[in-house]
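Letters A, B, C, D, E and F mark the chains in the order given here, with residues in each chain numbered from 1 onward.
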């Protein structure tokens, strides 16, 4: 299973870094719950629950902190 | 979809960095729950629940840590 | 709306840094729930719930980590 | 109100740094819930709930990360 | 009990770092709940609960932050 | 009470660092809930609840981040 798309944390822009952070979180979910149909079912539920969304948003924030540090914050 | 407004983490002031942190969190929510009407409905609920607010505040704190580091904490 | 009081993360002492961390968290709450009366109502509830208090304490800890780093931990 | 005992993050040993981390968390609780009697009541409840204890332990871990960094991890 | 497979945080690639982060989290679970059968039972439950999955994903994100820093983010 | 076994964050190996992270978390629990019998009772409950286990695992991850940084990630 691929957990890190492209096998690198380096991206060209913050926007791409953010997309990577989202993908990292999703790949972990896929590694724990390997059944795609089950994941699809769960997705419908949590995307309409405010706290579930906030929790997911938090995970993306933590992943992004790592990706941003890896890229020296795309400072220039 | 735009996940990082302006495609940069660099801001002129801490105040703007804080605004960016809030926007980053909101853009992630938008990426997970793409239906604006559903987001609007959820917003009404979580903004009147103390723990939901605290959870959202936490996400902003995590995003801000990254933005602040990116800007060397606007030290000078 | 003012999100960062004084628009700086730099404080003279750890004590002031801690006060800033608390204010940062509160300003975020104010940005999400803009109605002061609603905030007042919610406050009564969460301040008498142990887990709500712990969650709020956690947010302050995360904000303080950023403020402390910004100030090089007031090392001397 | 005193939020940072001694107004410094510098301690002589990791043990003292750990004590400071616990005190920082408690001082925040005191800043949010200013009534000592209420705090005493809440304490009885959360100290006998496993998840509440874990949440409190987490806050101490986050505070300690800051204190440890401030002290360069007491490396020598 | 082995808590860190290979007794090192250094990996050749981000992909391997991610696998290590997942293993670190699982080894901790094994250290707290030492009965393999109980762990197996719990696993069935949490892998079909969206919030449980998000919480587990969060732990992996935190472990990965450490592994990534240890490897200087596999920058070159 | 001893909160940091050996009063140092320095360990020889990542494995020992991980053991220290687990002990740091447990010592904090002991500082908050000082009655050993109560802790024993709580332990039975949380070790058979998936989310409680995940929360505990998270605390270990946060403590380990500090211990790993203190040891420069045992890089050589």
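Basically, a contact is a pair of C-beta atoms (placed from the backbone, for glycine too) under 8 Å apart; a residue touches a chain by one contact, two chains touch by 3 or more.
Values in this document were obtained by computation on a predicted structure and should not be read as measured data.
Chemist: Among the remaining chains, which ones contact both chain A and chain E?
Modeler: none
Chemist: Rotation angle for the CA superposition of chain D on chain F, to the nearest 5°?
Modeler: In degrees, rounded to 5: 60.
Chemist: Just curious, how far off is chain C from chain B if you go by their C-alpha centres, in Å?
Modeler: Between these chains, centre-to-centre, one finds 16 Å.
Chemist: Using mean CA coordinates as chain centres, what's the chain A-chain D distance in Å?
Modeler: That gives a centre separation of 31 Å.
Chemist: Scan chain B for residues touching two or more other chains and write them down.
Modeler: 49, 51, 55-56, 58, 62, 65, 69 - these are the residues of chain B that touch more than one other chain.
Chemist: Touch graph of the chains shown: is it line, ring, star, complete or other?
Modeler: ring
Chemist: Can you trace the ring for me, chain D first, then chain F, and on through the rest?
Modeler: Putting chain D first and chain F second, the full ring order comes out as D, F, E, A, B, C.
Chemist: Write out the stretch or stretches of chain F touching chain E in their complex.
Modeler: It is residues 13-15, 17-19, 22, 47-51, 53-58, 60-62, 64-65, 68-69, 73-75 of chain F that touch chain E.
Chemist: Flag every residue of chain A that touches chain E in the complex, lowest number first.
Modeler: Per the stated touch rule, the residues are 2-4, 7-10, 24-25, 27-29, 31-33, 38, 42-43, 45-46, 49, 51-52, 55-56, 58-59, 62-63, 65-66, 69-70.
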